[in-house]
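Order of writing sets the chain letters: A, B, C and D. Residues in each chain are counted from 1.
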Amino acid sequence: MEANFLGINMVNFWTYFILAGGIFVFMFMMGAVMSWSERKQSAVLQDRIGANRASIPLPFGKKFAMWGFINNLADAIKCLIKEDFKPKVYDKLMYNLAIFFAFIPAVLAVAVIPFAGIVKPAEFFNVSYLKWIPYLPEYFAKNLPDYSFKVQVADLNVGLLFIFAIGGISVFGAILAGWSSNNKFSMMGALRAASQMISYEVSMGLSLLGLIFIFQTVNVWDIVQAQNELAWGWLPKWGVFMQPLAMFIFLAAAVAENKRMPFDLPEAESEIISGYFTEYSGFKMLLFMFAEFIEIVFVAIMLTTFFFGGYTVPYMAADGFYFPWGTYVHLSHATVVILQLISFHVKVFFFAWLLQQARWSLPRFRYDQLMQLGWRILLPLAIANLIITVIIVALGGL
Amino acid sequence: MDFTDAEKKEIAYLRTRYPDPRSLTLPLMWMIQKREGFVSNEAVDLIAAELEIPTIWVEEVRSWYSMFTEKKEGKFVLEVCNNISCAMLGSQDVIDHICEVLKIKVGETTPDGMFTLKTVECLGSCGTGPMMQVGDRYYELLDENKVEQILEDLRNGKEHEQKPQEWPEYK
Amino acid sequence: MKEVTLTVDGKKITVPAGTLLIDACEQNGIYIPRFCYHKHLFPSGNCRMCLVTIEKNPKPQPSCMTPVADGMVVHTNTPEVAEIRKAVLEFILINHPLDCPICDKAGECMLQDQYMEFSGDKSRFNETKVAKEKLYHFGEKIVYDAERCILCSRCVRITREVSKTNKLGILERGDRSYVALAHGDTLDDDPYAYCVTDNCPVGALTPTYFRFKERVWYLHKTPSVCAGCSRGCNIWIETKDNVIYRVRPRENDAVNKSWMCDFGREYYIYPPKNRAAGVKINHRAVDYGKFVSEVASLLKEHTKETAFVLSAYATNEELTLAKQLTEHLGIKGIFHKKDRVWQESTGEIREDDILIKEDKTPNMAGVKNAFPDAKDINDMVISDFKYAVVWGPGAPLDKVSGLELIVISAMVDQVWDKAKYNLAGRISAEKHGSFTNFEGITQDFRRAIKGENNYDELTFFVDLLKELGVKPIGRTVQEIQNAK
Amino acid sequence: MAYQIPNFPDMEYVDRKKRGLTIQVYYREIFRGVWITTKHFFRNLWKWLTFRKGGVVILYPEETRADMSPNNRGRHILVQRSNGQPRCVACKMCATICPAQCITIEAEESEDPKIQKRPQVFEIDLSHCIFCGFCVEACPVDAIRMLPETSELVGYDRFRMVYDKEKLLSWHPTVSDDVVHGYNPNA
């Protein structure tokens, strides 16, 4: 393979092409998993059975139901083939555009999230348990012995701001959907969504400012790296330990941003049917729902990345564990990368599970309570947290 | 059907006796009953037309009195008392037996037109029940054999011998 | 008139001499139960339900046969009277079958009501009830059930006193009695036959048109005035789900007492087949608003050449607005017509001295009150006019045939077919309003059913006046009546 | 702390307890709530993982409720006379008492003058029916009864849930006592 083609580093191109594709597919898979766990997890915690009917018939009278996972497939097929109801009078462009505004930011923002540390392919395949892989070990050892890349699609210097900028777009999805549907309930839902998302974005931003002060950077890669350092020689500098209050504020604000229970006023079924996407049906509604599930995953990813050390494993450096009591355990490069990936995924899955758990446990806020919480509690707390952080950082602490 | 000349004369005389022509309903009906043996619907119409009153008024009178009959009855009308004294002395057995012998039901006439069986209320002969009336004559202290004998005698035109009253002896 | 004072249940009441005790009590708020007594019939005193105790009288007296006397002391709510009522009800119910579930009278049955109010006891009668004829047709109109009959003789008295046909009588005697017609007779030619079913206290007499159709507790009663003739009998129209199930007379001593004729009922019960529908110009359906504006502009332009033919089916309120309209436009040619005349072929009665009048329209008096100058349509000179507003059916075809017609009518007839402008109107059961009968009595009526695919003439005139830029006297019946 | 309003003796103001910060930030209650559901989640999950049933609900067509009472009454039937005609006399008592107004009856004249009235149309809209059993109680001739069948009352359309006279008469009793005698109003 030529290293350069029309001035483009083809190795980099293919690496990031595969990486971006992989993360894209990962997000979609997670969306599917979330829509399954929405059903199954809620069933299990409510002493029910949950989805178990949709199945693929197998020979000998067996059925392949996968504990209800096939339901997702059935849902998708159903939504694709069912009639696409539209309002009689509606803004066609905005109506269709709204779906993309709702759907794309959730997928796009993941671009700046590191999924694992630096990978050196030549070294990576040079472990005993990966010897079975054909061709690749020889290829990398021969052609690219020094090549390395970060498991991150885009290492932006303003990664954190990028996330906020992209996240800010998703409010347009709700607004456009509600407005273009020409429906009172949709409009109500859109207005609720807009005011709620903008209110909580303030607290969300302020809660992360503390981290920026502590780590002195808005580069996501650097923030994650900084969290692997140790404070006082034993405590990982995870966001949650540095900024415990900010973590809670961020959690609440992110869930509200996501319009999920207990902040799902924009789509409060008992009052306004389905909120801003009342008039969507078929596959369009499926995309709205899918965007919502992907956003859950994204909230979990953000929590992991900013407050729980991202992909890092405590006390683990690029060549093995350095425990505070002096023990050193050597690990090969491949093991480290795999451990980092596992660490990231376990954290994300845990937080996604936790968010689902909260969604099925908590009642909905009243709208005035929602606003009160956002503006009169979370915002002052975030500011107070920020001031204290600034003072401590200015005094040279941490 | 019409009134005969003699009857018309009689009616003219009766009109002078009653100020309200409606009062003539009964005498006219008797006239018909005596002549025909029954008061048919036709006769009712005739009387109503004669007296210029609604037909239903005449019909009401006909149905009220059991002496007037709508249909032609048998030569002998067996009126068996079915009131309480006779009933306790067994009038129902007598009626059942007559029905059996003549093969008719109460209120019906035999096919040969000889007998009509009717049940009536008390005829004032309670001490000698069960009893029945045929024409103007009372037949008392009936039992099944006696009834058969009476029917036989009536059919043959023979005067039935009524034995002297035999009162039960009381101590 | 001489008045007498008597005491009923400790209450002193004063009534004219000769009043019956039962009426005297009812006028003063004490209801005495009754079966055979009817206010507008001669008392017969055979049911014994109205027995009351009168002091210094050895036995209880039937209050329907007892005229009031000065100083009479009457008790109607003592335990003795209650006992009497219980006993009377028990006797009546000995042979009365308990088939209330299949009886059309159930729900408005006097026997049911009074049993629930005055007795409620369980029957002690263990023997077999007397079985009689259950289905006895008094002609095609009425069915008689002899088992249910309590022999109050109300029906007999109605045929003798009200319709004077003397058709019914009570045959046989004792427990075999039953009401019957003379042999070969029917009630079909009695024009007041349905009155016997209304006034039957039990379900013995039922009209065939209502038999088994609907239970009475589902029916909604609307006070109305019969439009069958100029008598203006007061009626109840009983409806369910916009269908007229039954029509019954409404008591009014001044007009119809408790009676009405059968033609009046059939006028409502069997809906006419030739009902008009829709709004049309040149036999094409058009928008109502367009119709109003076109008619308004036409009338405005051709005021002098327009004849205005009034309907004797119109309510007084509609006539008020019509008067406002013609006065505003200055229409001079105003005519009245007979919308419906007696037709011998239908077997209808032309006139009798009971209720039925020769004038078969309900509001000719109202037309003459509102338009005293209006001429009869037969005096119309056709050559004077080019246009004619014909309101209501029955206009003579030869009088209007050459003209361009605007027809507002509830019925389709030849004039309707000839017209250029058609607006379907409503019959009196479908609108509010008032009629003035031949005696000059004005009576209000209410809408009983909704008109379908037709338009209220009142609203039409209001819209027409608005279109012409005039403020109508009123927009509803209430407003017009208040404005008068 | 409640106090009366002077001019309105029936009314009183209630001062709600002030909610402290711990309640207002919601976190404590949120964790308590989530803790309860999480307990259930893991308990049930453990059951599923060990191949037991982790839910208290039933798998409907495969399992049916074991605690269904024998007194349970569901589907309606019309009792027949011995000639197969319905015993119903179309009195509309059931339609009158029905709180869901799901019974439609149209009466007609019977050939038998002793019966007089019989239903021409008898329909029960089971999609409206609330199975209260008032119709059975109201019936004066024991013409309508309910069978202990409930679970099979399903249909693909609303109009298929309307049971007409033929369907309601499809019950053929085997016990001769249930084939009832004609209604005798004189009895």
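Convention: contacts are C-beta pairs under 8 Å (C-beta built on N, C-alpha and C of every residue); 3 or more make two chains touch, one makes a residue touch a chain.
Not measured: the values here are computed from a predicted model.
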Notebook entry, point to check: How short can a path of touching chains from subunit A to subunit C be, counted in steps?
Noted result: 2
Check: Comparing B-C against A-D, which pair counts more contacting C-beta pairs?
Finding: A-D
Next item on the list: Taking all protein C-alpha atoms shown, work out their mean, then name the chain whose own C-alpha mean is nearest to it.
Entry: D
Checklist line | Whole-Å gap separating subunit B and subunit C, where each centre is the average of the chain's CA atoms | finding: 50
Item checked: Where subunit A and subunit B are represented by their mean Cα positions, the distance between them in whole Å -> 113
Notebook entry, point to check: What is the distance, in whole Å, between the centres of subunit C and subunit D, each centre taken as the mean of its C-alpha atoms?
Noted result: 44
Next item on the list: Please list, in label order, each pair of chains that touches.
Entry: A-D, B-C, C-D
Next item on the list: Spell out the part of subunit B that touches subunit C in their complex, as residue ranges.
Entry: 41, 44, 54-57, 59-60, 63-64
Next item on the list: Would you tell me which residues of subunit D are touching subunit A in their complex?
Entry: 24-27, 30, 33-34, 36-38, 40-41, 44-45, 48, 53-57, 59
Margin query: Residue numbers of subunit C touching subunit B in their complex, please.
Written below: 166-173, 180-185
Check: Tell me, which parts of subunit A touch subunit D in their complex?
Finding: 41, 43-50, 52, 248, 262, 354, 357-358, 360-362, 373, 377, 381
Notebook entry, point to check: Where on subunit D does subunit C make contact in their complex?
Noted result: 89-93, 96, 107-109, 113-114, 116-117, 140-141, 185-186
